[in-house]
Amino acid sequence: MDKTVGSLAEAVSRIGDGAHVMIGGFGGSGAPIELIHALIDRYRATGHPKDLTVINNNAGNGHVGLAALIEQRMVKKLICSFPRSADPKVFTDLYLAGEIELELVPQGTLAERIRAGGAGIPAFYTPTAYGTDLARGKKIEEFDGRPYVQERWLKADVAIVKAYRADRHGNLVYSKAARNFNPLMCMAAAHTIVQVEEIVEPGGIDPEVVVTPGIFVQSVVCVTDPQQEEDLNRQGAHHP
Amino acid sequence: MIPKLSNAQIAWRAAQDIEDGAYVNLGIGFPEMVARYQPEGREAIFHTENGILNFGEPPAEGTEDWDLINAGKKAVTLKPGAAFFHHADSFAMVRGGHLDVAILGAYQVAENGDLANWSVGAGGVPAVGGAMDLVHGAKRVAVITEHVTKKGEPKLLSRCTLPLTGVACVTRVYTSLAVIDIEGGRFVLREKLPSLSLDALQSLTGGELHVPGPVTDLIVPEL
Amino acid sequence: MDKTVGSLAEAVSRIGDGAHVMIGGFGGSGAPIELIHALIDRYRATGHPKDLTVINNNAGNGHVGLAALIEQRMVKKLICSFPRSADPKVFTDLYLAGEIELELVPQGTLAERIRAGGAGIPAFYTPTAYGTDLARGKKIEEFDGRPYVQERWLKADVAIVKAYRADRHGNLVYSKAARNFNPLMCMAAAHTIVQVEEIVEPGGIDPEVVVTPGIFVQSVVCVTDPQQEEDLNRQGAHHP
Amino acid sequence: MIPKLSNAQIAWRAAQDIEDGAYVNLGIGFPEMVARYQPEGREAIFHTENGILNFGEPPAEGTEDWDLINAGKKAVTLKPGAAFFHHADSFAMVRGGHLDVAILGAYQVAENGDLANWSVGAGGVPAVGGAMDLVHGAKRVAVITEHVTKKGEPKLLSRCTLPLTGVACVTRVYTSLAVIDIEGGRFVLREKLPSLSLDALQSLTGGELHVPGPVTDLIVPEL
């Protein structure tokens, strides 16, 4: 069993128009910048994929990564908790012009909805957002005398995520707080594509410390020295 | 005496349908035998509910590590690329549709795919374990079983009479006499022992066998 | 911050009559035998705690650990998925005599209910058990055209669990498949008591490999060479 | 000019109520200052939504690791005994009642404990982050805030007029003028600046201040 693919371009080659795409990371931490840029490069060469629905905690920052994806007008709708950043101009301009849809979800509910998608739980109840605008139109049920909001699972056609190290079976470990949404998104997508700094043989990761078991991963691509969104933005980088 | 496959031979036949790279859960007991007959050149990864992916053969007697067991509480070993995880993550794999195949035993299977394999009804202590979870989520849920009970009664029925494990969940049944798919609420015969007539097979089956296409001879090596 | 306690007796000293007690382990693997036996010893000395509701995957085996707890008649009700074992006589006799209650829960639902208890999710929907006797009386709801069963969270007053190593903050790592229900039960109890083979200073466990963060743990007790239920039963052991 | 506490002084006052051994989440921005004023001899463990327990001070400029950030996306460091975990486990800690204290900023707080701190209403891009989760689950949800807005309007009100973050969730408010508990749907005054009369404080407060017990002088060091 070998889930490695040879290039970033090959890794993102099968993402289709209209796909629901989960993109890992919290801000720039754990964001798969190289995979996102490969997707942009493909779009600029072929016109595909377009009309994407993207699930991420944020809406990008500056002109690289998710912000660059939005800037290319590849994203029809964004599902996120916090579309603000140091430089949110790309998303903000399109949103205020009514040219991108936004589904705003509380951060913990977003995480739990993604986990539910991966775990085969179609709906659950949470106290979060009860009595607020973000619960409008949602089913309310009382348990033990307290009201809760019903929330639905979130699934995706594809997840593109970043980890630190993988073995050829797709077992993953992460680096520090770059873990965040990545392990959940691996679970919730039909096809999960991971970029890692290092690929080792099976047995090269202690079974006790695996964070994402390989069953949740379909493709692994090696990016030995990945860029950090924060560094790129401090340099004023643009992609392309 | 009707010719029939041994348990090992049924397990062998089921093993031939496991694709290279498949993630597989084998039910406790008889289904565990399927792991022995993986075709050469194919690599399946076995999952156990209590939190291991890619476990292997039992260890030599006397070298067991009782922290390293399968869902049947038997000692196992690890293969390279194994992973440990807790029970909620383990059943996320099951319920979330991440397993390619689950192969389970059965008391009864109905032509609509209903499965009964956890309770023989009233009396005794009921115990369900992971059976009701395993029938949901795996991309393919197969059953391996004797074609009839020890008393000679059909186990493949129009409707199950024992308490259900799951509704409309089974898609293929490997029996001691035949391989039968469940499609559109019907038993569809795919393979049968060459020495057995269709009429004879039908007489041992509690639901109607449909034969929309060719029926292959069910040929299994001596084991 | 130091969550260590000096003895098993002290660790279990505050569990009250009628308490809901989660006990970790899957069969003997990960079962906190020494903590269970300390609880039995306290009961034999003081008559408390009694009328316990115990949550465990199984119903014990032989005459040690959970089986011994049941044999002492300390358990009023058991919530489990599989009350069968190589030697289930203790539970079976009491159950058939109508002297212990049983709530039978599918294993994956049991795990998810405990996680939900720990995660503040009062209820969720699962396909498991739909159309079976174990869904009787439960709320059914359809999502995307498929019926699901509503299940409630499970919480406990106390969890007694087994891990391999702890630091003084209660961060835990486990040994192999002895992990099983233990991390979930740590999350779902008001007070979690853990027995470990080794206690190290904070910093002695790599933050990347912590399985149970210390926030889920209240008491840690050291049992350097814990017994395995399987070994005890092969020796025909009884407790006391 | 009304005398009032600086932000640092409000944060200092809030920090005095954090017990030894408490697990604490501090909201993004102003609430983060509370971490600086932990009383000597007490150890609190700080949680950040993006998956760290027991993080510490920011690193020196130029030594940041951008994989090691807090929920405000600022670089942090680790203390001994830290742990990493994914977002679902992180919010299990929040929603599951495992945090002892959450300290948040506010646009408005109502006497029934309602909090508005995520949206100033129509216009602009809405963003909620973890605010709606944090108000549920922590054993104690406290707010630190100026007593009035920059325009001098009360932030403590009978009812919030801005979009709510959570219903009946706040139990204590530390302001630039006073410490006020929310009990039984009422503002209960506990401490006020000694130079400020009760009438003056009431005139700056949009809901009735109740004084069922002694009111302590709110005394805070120069910072």
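Letters A, B, C and D name the chains as they come in the text, with residue numbers starting at 1 for each one.
Everything below uses one rule, namely that a residue touches a chain if its C-beta (ideal position, glycine included) is under 8 Å from a C-beta of that chain, and two chains touch if they have at least 3 such contacts.
Not measured: the values here are computed from a predicted model.
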| item | value |
| --- | --- |
| Pair joined by more contacting C-beta pairs (A-B or B-C) | B-C |
| Chain centre separation (chain A, chain C; CA means) in Å | 35 |
| Inter-centroid spacing, chain C versus chain B (mean Cα positions, whole Å) | 30 |
| Centre-to-centre distance between chain D and chain B (centres being mean Cα positions), rounded to whole Å | 56 |
| Junction residues of chain C, two or more chains touched | 112, 115, 119-121, 126-127, 174, 176, 207-208 |
| For chain B, residues that touch 2 or more chains besides their own | 52, 84-85, 88, 91, 94-95, 136-137 |
| Touch-based graph of the chains, sorted into line, ring, star, complete or other | other |
| Every chain pair meeting the contact rule | A-B, A-C, A-D, B-C, C-D |
| Chain C residues touching chain D - in the complex, by the definition given at the top | 1, 115, 117-121, 167-169, 171, 187, 201-203, 207-208, 210, 213-216 |
| Residue numbers on chain B that touch chain C, as the complex places them | 48-52, 64-69, 73, 84-88, 90-91, 94-95, 114, 119, 124-133, 136-137, 163-167 |
| Contact set on chain A toward chain D in their complex | 26-30, 57, 59, 81-86, 88, 91-92, 95-96, 102, 104-112, 114-115, 126-134, 174-184, 211, 228-231 |
| Chain B residues within the chain A interface of the complex | 20-21, 23, 43, 45, 47, 52-54, 78-85, 88-89, 91-99, 136-137 |
| Contact footprint of chain A on chain C as seen in their complex | 112, 116, 119-127, 141, 143-144, 146, 148, 152, 173-174, 176, 207-209 |
